[in-house]
Amino acid sequence: MNALVVAKREFETFLVSPTAYLIGAFFLFITGIVFSFNVVAHHQATLSPVFEVAGITLIFFIPILMNHLLVREFQRGTLELLMTSPVALWEIVLGKFLAAFLFLVVMVAPTIAYLFILIYFGQPDLPVALVGYLGLFLFGGLLISIVVMSSAMCTNRLTAVILSVALAAFLWLIGRLGAVFNGSVGAILTYLSSQYHFLDFVVGVLTISNITYFVSMIVAILYLTTHILKIRL
Amino acid sequence: MANYKSKLALKLIIFLTILVLLNALCFNNNPKFDLTEIKSYSLSPHTIKVLQELDQPVKILCFFRSDDVRLVKAKAYLNQFEVQSNLISSEFHDPDVESDLRGKYALQDYGMVFMAGSKTYEVQQVDEMHLTHGLLEVTRSRSEPAVPLLPEPLIELPLKEMPLNFFAIVAVFFITVLLIPFTFVTLSLLVWWQRR
Amino acid sequence: MIEIENITKHFGNKAVIQNVNFKVEKGETVGLYGQTGAGKTTLIRVLTAYMFPSSGKLTILGYNILSHSHEIRRRVGYLPQGVSLYGDMTVENYLTFVARLHRVNDRHRRVCQVIEEFQLSRHTKTLIGKLPLDLHRRVGLAQAVVFNPEILILDQPTAGLAPDQIMEIYQFIKPLTNQYTVFLSTHTWCDVEQFCDRVLMMDKGRIVGEKRLKMSQRRVEPRKVAEPGAISILAEALSISINPIFR
């Protein structure tokens, strides 16, 4: 499938980008500090605080790291050759998403060392940690899809970053409105909030509706992105 | 072009409707798996038994400000209560906004009022133990003895604390804050050098 | 191979190409000649299914552009104007990437073959972004033919090159005109003389004339290029009949 070919090419771009590694290093620095202080201050064998902080951090880091996905294709004119190859628009969008997701995995993977440290020194709740990672990757996938959509809409990278952060923050915070309204309106607003779903994963609770929320949001945003590209071209 | 746009709008509406319905279906039939070792985020078997054995409707009125943390906790618990029993109903009010309710229910403080028949019971602390106690208080008959606040001994919580000495702490700090990020920085320098 | 009937393309209210009609037969090399802004690139982009026409019928290799654009893209090699390639990829990686997109069998062998053909052996591991313009153009040609297309579309293949670089690129384009059906656009008459069996003259979005070139009219040495805006003078010199309203 050509989406995988596009994804491979884009992933190689991440692997040879010094900036990507620097941003990854900064992300790991922050999570490392949170982990260390949690271990030192509370002596608790849990990764939940790390996941919570990682999620909030990714709201800013993913747009900064991945805003170039489609913007650069437009700016450099490389989209023309791609669009005249036998690659469908959805394959381009999916390929970009997969490449970015794979780099997210590369960036988060070193935090497995934290789990090994906890196993060595204490008795962490392993299922809770695994569910936490699942939630982090699902939430990261949602952020990546937002960035892909923003980069399809914008003509320069700064605008794409601002739009992505704004949309991600809006989805994170909309649940606060849900607390204000009663009844169905409040329930819908709370359900739309990514924070509401993500925090369940952080504490080790796995629900079908949380998984459905993230997967359906990712699919909807990528589908919308395909049509945005079609209109823009 | 207008035809294309209207077809696109229709496709989008159908697609989004399918996703919304899927989410609504999952929200209403929502299996939950509490993977914590001590099931911290699930109702205890005792509470579930109390809920399932309810024989009369219980209305729970919650009086919290919109920015009160207890409001979120109360909603979470009452959602779970309503899943276990159809006889539970709840309402949420902000007593600062609806000030007439203070007088009507003689509220001393923010909290929850359990109502069943002619009985009422007020609860200020929002945790499973106090909420279950509230249910038992409003549903017991006059002849039954008062329910103690601690119906069952709590599960012994296995401690997840780590015995760390100074060197262990330094090692943890070194690995997680320095070594791992530094590895990434080194990779970036290698890549930059190679592409120079 | 290519059949265009009354193709029109609008951007907003402006018709960039209007009522274009022509055919390209198998094995032909057809040139599209016109000054800057005539609509050549837009027409090329419609032919390559990068854009779709606002009206009219376009059939390439028997496939309708609107319903079978995917099939057309699989069979058409394209060198765009400006040739924007992925500067962060090496020559070899990029050609392999294109070959993979087109599902070329025995990819490695074909990529090596194309690298030899375009004399890029010394630059296989060089980043495309670091190549000089002429080599960059050669890589562009290589990616257009790596999957053995049936039609080759070249948009101003010599634009921006120095005269010696142009002579060099001619060496690589010439064999392609014998192997493929080629449609190329240019504002340099020399390109037309070098390669084309037939030339279409384009001005203000319309095809204003057509001429079949005899073998004797093709020159090997570069001539002085006609000034942009001198379409009617050139047409008169070549005895191309031209609609008076375009004088």
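So that you can tell them apart, the chains are marked A, B and C in the order they are listed, and the count of residues begins at 1 in each.
Note that contacts are C-beta pairs under 8 Å (C-beta built on N, C-alpha and C of every residue); 3 or more make two chains touch, one makes a residue touch a chain.
Small disclaimer: the values here were computed from a predicted structure and weren't measured.
K.L.:
Please name the chain that ends up farthest from subunit A once chain centres are defined by their CA atoms averaged.
P.N.:
The chain lying farthest from subunit A is C.
K.L.:
Measuring from CA centroids, which chain ends up nearest the centre of the complete protein set?
P.N.:
Most central by this criterion: A.
K.L.:
Could you state the distance in Å from the CA-based centre of subunit A to that of subunit B?
P.N.:
Inter-chain centre distance comes to 24 Å.
K.L.:
Could you give the separation in Å between the centres of subunit B and subunit C, each centre being the mean of its C-alpha atoms?
P.N.:
Inter-chain centre distance comes to 64 Å.
K.L.:
Return the distance between the CA-based centres of subunit A and subunit C, expressed in whole Å.
P.N.:
Result: the chain centres lie 41 Å from each other.
K.L.:
Taking each residue of subunit A in turn, which ones touch at least two of the other chains?
P.N.:
As it turns out, subunit A has residues touching two or more other chains at 16.
K.L.:
Scan subunit B for residues touching two or more other chains and write them down.
P.N.:
If we look for residues of subunit B contacting two or more partner chains, we find 195.
K.L.:
Okay, in this complex, where on subunit A does subunit C touch?
P.N.:
2, 5, 9, 12-13, 16, 76-78, 80-81, 83-88, 233
K.L.:
In the complex formed with subunit B, which residues of subunit A make contact?
P.N.:
15-22, 24-26, 28-29, 31-33, 35-36, 39-40, 43-46, 110, 113-114, 117-118, 121-125, 127-128, 130-131, 179-180, 182, 191, 200, 203-209, 212-213, 216, 219-220, 223-224, 227, 231
K.L.:
Mind listing the subunit C positions that touch subunit A in their complex?
P.N.:
45, 48-51, 70, 73-74, 76, 78, 80, 82, 84-89, 93, 97-98, 100-102, 143
K.L.:
Would you pull the subunit B residues touching subunit A in the complex into a rising list?
P.N.:
So the residues of subunit B in touch with subunit A come to 8, 12, 15-16, 19, 22-23, 26-27, 29-37, 40-41, 66-67, 71-72, 91-92, 158, 160-164, 168-169, 172-173, 175-178, 180-185, 187-189, 191-192, 194-195.
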